[in-house]
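Heads up, there are several structures right after this.
Consider the two complexes below, in which subunit A is the common component and subunit B and subunit C are the respective partners.
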Partner chain A sequence: MTPAEPGAGWSRRRLLIGGGVAGAGGLAALGADYASRRARASGTDESPSLNGEVRIPFYGAHQSGITVEPQAHATYVALNLKKGVAKKDLARMLKTITDDAARLTQGVPALADSEPELGTVPARMTVTFGFGPNLVARVAGDAALPEWLGSLPEFGIDQLEDRWCDGDLLLQFNADDPFTIAHAVRMLLKDTRSSADVRWVQRGFRRAQGSEKSGTTMRNLFGQVDGTVNPQPDDTDFKELVWNRDGWMTGGTSMVIRRIAMNLDKWDRLDRPGREQSVGRNLANGAPLTGVNEHDEPDFTALTPVGFPVIPEFSHMARARTPDRSQRIHRRAYNYDDAPEPGKISNSGLLFVSYQADATAQFVPIQQRLDELDLLNEWTTPIGSAVFAIPPGCDENGFIGDTLFD
Partner chain B sequence: MRKHTLISTAIVSTSLLLLSACGGGAEAESTETSAPVADSVEVTDAWVKAADDGMSAAFGSIENTGSTDATVVSAESQASTALELHETVENESGEMVMREKENGFTITAGQSLALEPGGNHIMLMDLTDPIKAGDEVEFTLTFSDDSTLEFSAPVKDYEGANENYESGDDEAGEHEGHDMEDMDHSGGSK
Partner chain C sequence: MTPAEPGAGWSRRRLLIGGGVAGAGGLAALGADYASRRARASGTDESPSLNGEVRIPFYGAHQSGITVEPQAHATYVALNLKKGVAKKDLARMLKTITDDAARLTQGVPALADSEPELGTVPARMTVTFGFGPNLVARVAGDAALPEWLGSLPEFGIDQLEDRWCDGDLLLQFNADDPFTIAHAVRMLLKDTRSSADVRWVQRGFRRAQGSEKSGTTMRNLFGQVDGTVNPQPDDTDFKELVWNRDGWMTGGTSMVIRRIAMNLDKWDRLDRPGREQSVGRNLANGAPLTGVNEHDEPDFTALTPVGFPVIPEFSHMARARTPDRSQRIHRRAYNYDDAPEPGKISNSGLLFVSYQADATAQFVPIQQRLDELDLLNEWTTPIGSAVFAIPPGCDENGFIGDTLFD
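This part shows the complex of A and B:
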């Protein structure tokens, strides 16, 4: 661990506390446990033996929940600010929840954590904050609003339900352990309760950590490999595509979250060739219909013996793609599978989440093309939609969103 | 806007670790010159329960890295007209109550004392102004040798820490029923 690594201070502190365990209460005992784990970890074997112990640095130029290899679980909570909550109240709240997140992501219980034992298994948790237009305007006025922040244009395919849309403050939790998330959500909501009400909560999942080799592209509940063509943090143009460079948002990004219902019953009626044509990729390994391996370049000019394109022009891949390299987004979706409505057997879909420097310039044109034509629309329906400004990260002396307050 | 952060304690304790890592030399020196007790005491993870008025309490961990015991005899803060050092004990009727700790908090050399809801704490007897979650409250601890230690504690919303208060003097009733529920400002739920 390098000294500059965010979060190093926390473990040192726990070591300190752990140094004088006797006589102190349960918290100190926790500290000791933590200390011994850290002591082990700082020996020759740098990698913790349990995934639950793996910590993702909290502080840094960017918030960490965007580029870290996607964790198995996600919970997104959107809040409405209460009436009368003003700039100074928001600064206090953001300081408090920044501190909560900084601690819990490092396996250190939050201050005033009434279940501290639940705060010691970070399991790669990241906590990421996002702002809706109302919060930005309350703090810094309309002039501070990024042009792209606000509801997306209406799309013909949309059947949006208010209960899954918009919000003033977004709390995004990701971890490999849903128990870790449950405690963090509880802790942060206790610390936002006096200023904000819960608007919606959306939970999603991927394969459990350890079930597949890390780096395996996720599948969605249609069985498709979903996320193959996706700018990655180590790509040379990732910075440009994802990080914003405007004023207080420098180092931040825009987030689009769309709740897209997937009609599994209707999908059942479609046979494998039809399913593969709807996207233009095979189901076995996600290879384009003109290729063999997942990451093979698709050949949109290849024709069937009868003369039709092998990858149909109306396929999701053909429609989502554009030669304009600036119109790309970083997708980080999760599946949802909630309790069915009475008389139904499924209530499933995709929490489509994407990050891009400018939602209007990058996301909207793609969604417009898919709205005009995309075979996949037969089985999918957007029922929720929100855009948030994800502020840059902060250092130990700041809090998430502090650039908006300067 | 204040650039003071909630986690400044972390930085302090990091440097403290470096200090204590210097080992025996520092200790020997401190006994020879009998350095102020406050110099070898650190408060970490401090926080205060939010309240609009009346009473509140501060918690955290007081750590004594010195080679002699340290005793906190009093606490002061602008946030409250009076402060007391409290412990939580069982009274004659078997209830857990908090009361002033007669001889202050003693932290054994090399050990920590936890101030926690349901245990020892620093009681703010009468708030001068509402303290709101996210504010910082400054405290000064005074030790038996009159040395002092300042620390800052962020305010947190907290539903617990509702022990009854049993007044230290036996003049019955003055504070009777004046429990920490009074400092619970969140409303709504009751």
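This part shows the complex of A and C:
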């Protein structure tokens, strides 16, 4: 069978899964494994008819949960390493979670999968690992710590809660199907339970796959188009902006995750022009207030008839921008909407997530400008913050993080 | 324009939404309203190309969140009425939430929608209302209380926590898009905030739309096919089993919602044959242990070579079944998977939801048999329980619950 015979692998898989005989789970796993190895070898998927069958390659130069078009659901789990867990334990754990993540993202049950039937719907899942400073130092000593890895500088707007901050190991799950994520989280937490404890779990969502046309910029729960200007993997300078080039981190990146509470009740009291001025874009389609379409370049020099800037100087967009093109980040945010606390009717916000080669050089100056002055600060409060080193990808003989062990 | 011109309404809507001019939100709303009124008049949808555009009719003899093919996401919100809220306040509140639910399910922003751009993706949303005994009595006195409305009898297996039990008003949201639900929940909680406080929120999921072929029976987090035998709206006796025929509740139904914690760690220690015997079905495709395909009739008389029943008498399936065909219920369960509590790696289970004309006559005897003896009880614990009266549907001149006010 050659790649010129599309679908043949999938038919075989369907046949096996539909077999309905005792032991079909094991056969199905073989079939799926076969299909996924073929797909990995050719680097393409075989045009499955259901989104649940779409697989994102796991192995490669970079981890895959950064550049793929954002999936509908995200779960981020941060773990604390247990005392006494040594370098060799960590290598074993990382090998195990790498292997299980590679399988589950391809629709193949985990190695010791207790519910193999729940592992067969990849739904574009990616699983991405990140390291906090404690894990890096425990494996390779302080010398291996990237300068930017650690807590961010304090910002005046922050009201950080320890329960949403930091961590030694990050597991990032993204998929279009919440059930796929639930099973993968469970499998990987079984792999890590002897070495680490759950520190926090944060879940977010975007529009479901199939709700909107592919490529539509997401909105946040304020109703704003959020993420229009964002370096994309096919941009010429994406590599320089996102991929790190230092030692064991070469091909990796830094990740900033901040939990931004959004005060929807206070936002309700702001009228539509006020809302549009707070960010500098209209609400209908996200166009700059000086433009017509979402991707129009803003004109910060344009004035209203009475002489004020059309895009206020203190708007989020004006403050976030800089002519320094090295100060850019690749954002991949999700909305969150948890059960309200007693007496409240919402508990909502944004899981701000960005990837950049160097968090200190790229993220921090933007955040410092926003911290000094940004109309949006009136309605938003950062309550969680963490930075992780996202190691490069690996091939089938390696594991995520192996460059740290060399 | 006639119904013979499919898509014309949708093109108009797209044109308006894509307009990108100030005020386009309002025009888009008009366009969507127009399209949705046409769809309601013809009783059909206009074959939208995106699942996000699919609308389920709101008005009709029954509320629509019971018979529609289960959507991917569910949020159930129970509220406590505030002290001093009188019959006329409740009528006003119910009119408001009926109107906003009717709009949002059709992709039309709520009447005072603070983020109208978030209300335009219906994604098969249904919003369904239910009443607890306190609300019914406050409006129409104790005489209006259905006999079955109140707490269920105590079951020996229950370990109920007050934070997951009871309530005066239930808001049930189902949609294929989590963002659609988040916005609708927010809008309806704004409508109810002067009359009621949030008591609990429970969220659940199934496979995403597009993950599996339509009509696939869901699995629970134990990996079991869950819900094979379930009266469906096109069954001849569905009407008798589900729709109530007593006074103001005619055309309504009773809803039981139980939060069933599933001990995944303990389940892990059970081997595959043990798991299959606990429920009486195989794990691969949900077929009875005496059959080959999921929907095969089980043979409770079949014996193993050594003389034991192939389907154990104490299995979940054997205990749930009865020859009394009036003791059946329409199930519509969701999985839940919340953040683990400290020291744990999962917090998972099933939101068991069933609808039946009379909860006492239909649900209680099944649950009593399962309470007495059911192998699955070893791994599951009911921790929440509530019964609600789901009033009939209404037409565009009425509101949900209006028959209680006559």
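Assume the second predicted complex is superposed on the first by the 360 of 406 C-alpha atoms of A that agree within 3 Å, B and C clash if a C-alpha of one lies under 4 Å from a C-alpha of the other, contacts with A are read in each partner's own complex, and residues count from 1 in each chain.
Following the convention adopted for this analysis, a residue touches a chain if its C-beta (ideal position, glycine included) is under 8 Å from a C-beta of that chain, and two chains touch if they have at least 3 such contacts.
As the structure is a computational prediction, the values presented were derived from the model and not from experiment.
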Query raised in the report: So, does A:Asn397 touch the first partner subunit B, the second partner subunit C, both, or neither?
Result: first
Report task. Check the residue A:Lys190 against both partner chains and state whether it touches subunit B (first), subunit C (second), both, or neither. Result -> both
Query - Which superposed partner A:Asp99 touches (first subunit B, second subunit C, both, neither) - result: first
Query raised in the report: Is A:Ala287 in contact with subunit B, with subunit C, with both, or with neither (first, second, both, neither)?
Result: second
Query raised in the report: According to the contact criterion defined above, which of subunit B and subunit C contacts more residues of subunit A?
Result: C
Query raised in the report: Given the touch rule stated above, what does A:Phe405 touch, subunit B (first), subunit C (second), both, or neither?
Result: first
**Report entry** Contacts of A:Arg219 with subunit B and subunit C, given as first, second, both or neither
**Finding:** second
Requested in this report: Considering only the touch criterion stated at the top, classify A:Ser114 as touching first (subunit B), second (subunit C), both, or neither.
Outcome: both
Report task. Using the touch definition from the top, say if A:Val85 reaches subunit B (first), subunit C (second), both or neither. Result -> neither
**Report entry** subunit A positions touched by subunit B in one structure and by subunit C in the second
**Finding:** 19-25, 114, 190, 193
Query raised in the report: In their complex, what parts of subunit C are in touch with subunit A?
Result: 18-25, 28, 50-52, 72-73, 114-118, 121, 123, 176-180, 182-183, 185-186, 189-190, 193, 197-198, 200-201, 203, 205-213, 219, 221-223, 264, 267-268, 282-285, 287, 292-294, 335, 337, 339-340, 342-346, 348
**Report entry** Contact footprint of subunit A on subunit B as seen in their complex
**Finding:** 1, 3, 5-7, 9-11, 13-14, 16-17, 20, 42, 44-45, 47, 49-50, 59, 61, 63-64, 108, 110-114, 116-117, 119, 132-135, 154, 156-160, 186
Query - Complex contact set, residues of subunit A against subunit B - result: 9-10, 12-13, 15-17, 19-28, 89, 91-93, 95-96, 98-99, 102, 111-112, 114, 190-191, 193-194, 396-399, 405-406
